[in-house]
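The structure follows.
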């Protein structure tokens, strides 16, 4: 009775794994680069430099306020139309760049919230012993803020993974897409295929979430606020 | 302003000239936290600042090491003009030690590292030198055994001792204390006051905001009473507590004693 | 235990019998916050509890209205057994007013609503009745004009006045004060102490944890000194402050006075 | 683009074709993970005959048109119907093959002819933004219609689970589903007959004429007919894939 | 001007004004329903999660982890294809209902976590004061803790609502007509991707901007004196 199903799963597994691998690679790049972007911009934003703060705010709102699908579309299809040489992205480049910027917008907000959540006395004490603003940031504020951002980063991680499920728009066959392709070959087993896809996502995300929970318990976190 | 304190000299350490500072209130209006305040602190003097909540004591202290900017007026510390944007404030601040009500130890560093960090970063001391100075100061404030404890494991009194040691490590010319004992348990208050008294006896120039009237009376060279951003009375402790001139001062002393 | 206070009767209001309570420490071990404590409070008495930080004062107070359960022992308040799981604790608690160090006003309600809410919810009073009682009490504690202010707009002293009014609105038989003035500015402390003194003069039975020794001496019918979860000394204020028996008491009084 | 699209292709040496992995028999991934299907095989032959490499770009339906218009791909090889509105933006080839738009339903519904749906006031499903949907809109204007992303597969699932009473598809595509869904029957009659074309950008005139020429050429040589027989008019492909 | 006209044909977009409005309306009402459901159920889930009984908090925690560890798209498919199989038929599980269920199931854990952090952010003293006054357990929760918990996390809740609104776009996958679908319709019928997708982006940004304004108003209200979080 289940013979067919087992055979079906066997035949689609390599494709799903291939999709998972692509999802994994893209999200890891997105997380790493996006986090770096977020650290830098989040820190800059906390300095409250008049023009810059507004500019970074605009960036955050544009990327958090519109669906990832539309952003992807703009980066892959629209920007090349401008004819600028360095804006010609292939699908992988477009996907990665958009994802990094998208991730960055969330991380910026987290870093900024973490810095704001730090008691003001920490920076004041550092300034009072004669540290410059930069030294205070580097030696006192950031080391403490960075510990607070680890737990909420798991939320971002999940948002990022969630958004990669539509990369097929630019022709990338990540995990969800592989599931869809498989469902075209086995239309009768649609549900089972999506259960498999969900299981693979779970295998990927669960350890991350566990780590974040553990980190949150150990060091406490900050929550994302809308400003 | 006669005072028997032997260390006191004629050299002016802090000079505050007609300083004003206003804050916008959240909804509307403004509050004038400092209203043309002038004062002088000579080397070796212990100036105690008292006054009701919101009278501007903290703001005054914070303008002295430029944690708060001023709207108008001029402040110099040890000859350097604090209120001049050209001055090297970071250098200046290292000259002025500050102790806060809530200690403000760096939460991610041990007691020892709290004292080492500003030395290596600001004074560019070698790590070895900074560590040995830090250990010396931890002994000085009475908790040599707590060097490796993180702030969270220290009691309030112990944290404040580390904070004082951290400020002393910079070899400050003036020390500012902003309600350094207000957040402490009554039994630990005494220890910190004793430590501050020792510093005063060694000749440290100090500006102290406190509600401890006994300390003010015993240790202060001079008392400044503030009300609504103004200095309304100033004098030697004996005269100040025995025979206050001002109505507000009398009222305040009545309530607090 | 002789006392001149006229209101005091022989009726026992609070009886604490061999009560113990331990807490697990975060990492390892246990701390015995109350160690076989026994005490009695008669109607109209003002019992002042003093002792070092961590000696178990708050825990003792909190077991009296069952905010903290006990491991062993028995407590009765006005004849109702607090430590019996069958007792109706919510009813009992309405009989016992409690005032906290940090006021704990309901932050989302105005001063008036803070006093109205428990009356309508717990005592099922009509809203009109509750409001008029609340206004009466706000006048009683001296801030009738602050009825509509949210707690955030009140000073510490005003918040504590509202908290006292809130407790009084339940017509309690006993009032518990846990360091009710420790979080206040020195100038506002006096006002709250005066209010507490009035309550005592009106015959309210009170258990008061405080560091204000002058209040303890003037108002207390009896002083209890706690150390490490035990009552180590107990007596009338005059005797207690003039001639303490116990070594720890002497040491403590030395530090705090 | 410097010169015509055709020149670009020849210079580059690759023909970039946007396809949609929509399901058999037009374009799909077979059990070995290879992309194949009628449209794919036609362009595969075409590239070979042009003497260039074939680069297949696999998009979801939403990515197909933007990919062509933004120049990521030279042409779209899918079962697109050259509607007048679309033709205002794209150049379509001559029809390559024709399809009959049909309706299908669960046997136990008891429909025989698609016109029965009208009397019944049925709910029908069709692939998102397809010309099937457009045809049904015209022929069955009063019926409630739901458009499914994921093509006929999603539509078939909806019919099977009873979300809709009947589905609209084409005669070629539906064949592939009858095996997986033995409960289906194709209703009698044709809603409409539709031409299906490949498409390119308005400025790629040379490429368009080349494709039209290629279609006529392979019609006469019999090559196109063979492909159509294998993929479209029979189930022969199912044994091989 | 000419370049823009070529790039973005406003006339065509205006022809589809009805379609877009219909899409915006659907997006808004579906989001609103999901928001209310996920907050109400989120409170219950938060309650289970904070329970000390393993029988209650363990399943709640497992559910939260499962939802967080799988993408919404997959969850939508599972609900859409899976529920009818479980219940042996579609019944009332239309596309829209399935979509609302999936989005609610997805959003609920996030709301629960936000509410949980809100409850934990309420000063313990509030709970103690209410207890000491004799309020019963549920009275403390409903009258004292929850109102403050919500007030404390309103900015975070709004942020999550912004995510929810964007997430409704995925319902276009299961034939729910909403804003994203409106854009795709324009794109496919006319072969005009810019007109379709950029318009959609602008609509989403406008909704988001509305949320920002709302958020600012709420926060100014809260911090304007009526309420100071402890």
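By written order: A, B, C, D and E. Residues from 1 in each chain.
Throughout what follows, a contact is a pair of C-beta atoms (placed from the backbone, for glycine too) under 8 Å apart; a residue touches a chain by one contact, two chains touch by 3 or more.
Note that the coordinates shown come from a computational prediction; the quantities given were computed from them, not determined experimentally.
Shared contacts of subunit A and subunit D, meaning chains that touch the two of them, come down to E. Graph distance from subunit B to subunit D, where chains that touch are one step apart, equals 2.
Centroid distances built from C-alpha atoms place D farthest away from subunit C.
The count of contacting C-beta pairs peaks for the chain pair A-E. Taking the CA centroid of subunit E as reference, the farthest chain centroid is that of B.
Subunit A and subunit B have CA centres that are 46 Å apart. Centres computed as Cα averages put subunit D at a distance of 37 Å from subunit E. Averaging Cα coordinates per chain places subunit A and subunit E 19 Å apart. With centres set at the average Cα position, the gap from subunit B to subunit E is 51 Å. Across the assembly, subunit D contributes residues 62, 66, 69, 150, 157 that each touch 2 or more other chains.
Counting only residues that touch two or more partner chains, subunit B has none.
Shared contact sites, meaning residues of subunit E that touch two or more other chains, fall at 81, 85, 193, 197, 225. Contact residues of subunit A toward subunit D in the complex are 11, 14-15, 69, 73, 76-78, 80-81, 91, 168-171, 173, 177, 180-181, 183-188, 190. Across the interface of their complex, subunit E is touched by residues 61-62, 64-70, 73-74, 77-78, 81, 154-155, 158-159, 161-162, 164-166, 176, 179, 190-191, 194-195, 197-198, 201-202, 204-206, 209, 223-227 of subunit A.
Residue ranges of subunit A in contact with subunit B, taken from their complex: 119, 121-122, 124-132, 135, 139-140, 143-144, 147. On the subunit B side of its complex with subunit C, the touching residues are 52-53, 185-188, 190, 211, 252, 255-256.
The part of subunit B that touches subunit A in the complex is made up of residues 65, 67, 90-98, 100, 102-108, 117-118, 121-123, 163, 166-167, 170.
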